[in-house]
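This structure is in structure tokens; I'll ask about it shortly.
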Amino acid sequence: MEKSRYETGLAKLSEVDGKVGEQVVQSLKDIAPDLGTFIIEFAFGDIYTRPALDLKQRECITLSSLASIGGTENQLRVHINGALNVGVTPQEIAEIFIHCVPYVGFPRALNAVAVAKEIFQERGII
Amino acid sequence: MEKSRYETGLAKLSEVDGKVGEQVVQSLKDIAPDLGTFIIEFAFGDIYTRPALDLKQRECITLSSLASIGGTENQLRVHINGALNVGVTPQEIAEIFIHCVPYVGFPRALNAVAVAKEIFQERGII
Amino acid sequence: MEKSRYETGLAKLSEVDGKVGEQVVQSLKDIAPDLGTFIIEFAFGDIYTRPALDLKQRECITLSSLASIGGTENQLRVHINGALNVGVTPQEIAEIFIHCVPYVGFPRALNAVAVAKEIFQERGII
Amino acid sequence: MEKSRYETGLAKLSEVDGKVGEQVVQSLKDIAPDLGTFIIEFAFGDIYTRPALDLKQRECITLSSLASIGGTENQLRVHINGALNVGVTPQEIAEIFIHCVPYVGFPRALNAVAVAKEIFQERGII
Amino acid sequence: MEKSRYETGLAKLSEVDGKVGEQVVQSLKDIAPDLGTFIIEFAFGDIYTRPALDLKQRECITLSSLASIGGTENQLRVHINGALNVGVTPQEIAEIFIHCVPYVGFPRALNAVAVAKEIFQERGII
Amino acid sequence: MEKSRYETGLAKLSEVDGKVGEQVVQSLKDIAPDLGTFIIEFAFGDIYTRPALDLKQRECITLSSLASIGGTENQLRVHINGALNVGVTPQEIAEIFIHCVPYVGFPRALNAVAVAKEIFQERGII
């Protein structure tokens, strides 16, 4: 029997974000539970499961997108962890933010690197 | 003898963008020639030549960044061509913009896909 | 029998945007057809059909959002038409953009009003 | 005798934001007092008092605008309170942010919902 | 007798933008005339007439702001002309956009320089 | 013997930001040291040393740019201090953010003024 979009998305979310993603969804329970459902069904069920790019590529693109729009420190926290979980190396993560400098300037890159630094320290990487 | 940042950058710019990149630089000659020089020296000489990510990864990250900030149709034109030049497939390019939807919404993705469509038609891909 | 998300979304898209929305989806056919599907299923099937806000409120919020992010002239074109279709008055549309001035400044408001002017002229409103 | 723009604006600010709006203006006293005056005279005196949209509609549009531009947590705090004060329901507020997802992506919506959650908790709504 | 905010703003608008500013206001007549009034009264009457910065400084700051937010080509057109009118040199205008590169990246700067190039050509500067 | 871009940039960084700039670069040492090098070489070595605008003008343009893009509180902290260091007056700094209101709206201006207030208090200015 085919898995629902929700089940597929939840499995993908766990694969990428471990418990951190679930905490985001959990924190929405008493105010906007459907928003959590849409993240699971649409972002992770519909988008992350598509074939043309693998999970590592998807997390690299996500980090570039989040760093570029700015004001997304909380989401960077989730996805820098997610990127590490699916095999993006710490060096690649730093390099993604450095690569964005010519397109978005130093402030957006510095803000993203500051989040990465916190996470790398939490995980004992640096 | 070591190549200058300008020479290194110009070679990298040609590798990525072919003649299109040179046209951007050329168009700056009579108003802000140093801006063209900085694109060559800094963006292509300093950043694109770094080891941690290969050219294909860099163009994928660039497309994600440009689509996410918006109002960058001219730069998307250059870098969608650049991405194709270094081996990113048309399917991957479309997928990068689809992948950004959960982070930046449909309008930014639709604008980027519209530019991709023009270029894919010019190059006889679709 | 329950309608699929796609059928529900397509009906809602037609209700809001008439043929203009379908044209957007149609234009994606040869490059990113799934992007059109996601607009129908997710934006119109999942979001626009929710109960807490009516269609008129939703189009007002959409116009405010599109004007605020900028670089969304094509999407404003679709949704200014959509707003008129569901009963938002031309005066309310202009007022939404005026109301956004204290939050996003004059340039974003002027750009949105310029699109509204084109559409109001096409539809013989002014 | 006609009330001045300042008096009209101050009355409107109190109606919408209660004491919170005054605190914003008060906090500007020793650095940029005229900025507070402009908020009262222009934003609340000139814009919020206009006839085409009622206060409830204006606060809905404001929340959509603030959520869409990002990095406006402090202003969302003021205007989520303001929206509640003029009769927008907690369910409508959450729904406005959910409605913006297709236009601005999940991160902007999640950031706005997080502010709403704090305020709903402070006011004993959830 | 004291001049009204409108008269003061109109005089300042003419000083900065000549006929171009009036055309913007004129183009709003049949759709959102009050928006034109607010530009004259608030932007030019209240803000541009303040003492702490002179007109040349104000136009430099305006060009930096417009280039940085992006999607403001129409407003850059008005204010690059305005900057030239109040004595900012073509070299300074180009330099403002180059100076913004480290903060906003190359695309925003390139877009602004492209508008400057059109205007410099129209005015026979290059 | 000619100074390197790094030496020139470091001298300029010290002139503008004193120790605060060095701290930013220092904080990048264990995660992205080259990002600090690029700030020194490109932003301060290549851009800030150019002739067409003086340091005071450059810091005014920087403050306008940072306030306009939003989410740059950390960078505003560095450059409000930098602006004071090179002779921009506290009154001019507040006025720059007030001047940006018509272009970017009140929220971006309020966020920048809030950072300025902290710094003016730290430095005993207010």
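Residue numbering begins at 1 within each chain, and the chains themselves are lettered A, B, C, D, E and F in the order written.
By definition in this document, contacts are C-beta pairs under 8 Å (C-beta built on N, C-alpha and C of every residue); 3 or more make two chains touch, one makes a residue touch a chain.
Predicted model only: the values in this text are computed from it and were never measured.
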Going by the touch criterion stated earlier, list every chain that contacts chain B and also contacts chain E. A, C, D, F
In contact with chain A as well as chain F, sorted by label, we have B, C, D, E
Mind checking chain D against chain F and telling me if their interface is mostly the same residue numbers on each side, over half, or mostly different? different
Superposition of chain B upon chain C: rotation angle, C-alpha, nearest 5 degrees: 120
What's the farthest chain from chain F if centres are computed as the mean of the Cα atoms? C
Of all other chains, the one whose Cα centre sits farthest from chain B: D
Would you mind pulling out the distance in Å between where the CA atoms of chain C average out and where those of chain D do? 23
How many angstrom between the C-alpha centroids of chain D and chain B? 39
Chain centre separation in whole Å, for chain E relative to chain C (CA means): 30
Among all residues of chain E, those touching at least two other chains are 34, 38-39, 42-43, 50, 66, 69-72, 75, 94, 98, 101-107
Chain E residues within the chain F interface of the complex: 39, 42-43, 47, 50, 52-53, 57-58, 60-62, 64-69, 72, 75, 91-92, 94-96, 98-104
For chain C, which residues are in contact with chain B within the complex? 24, 27-28, 30-32, 34-35, 38-39, 43, 66, 69-72, 74-75
Residues of chain B that touch chain C when the two form their complex: 70-71, 94, 97-98, 101, 105-111, 113-114, 116-117, 120, 126
Where on chain A is chain C touching in the complex? 34, 38, 42, 46, 50
Please give the residue numbers of chain E that touch chain A in the complex, ascending. 101-107
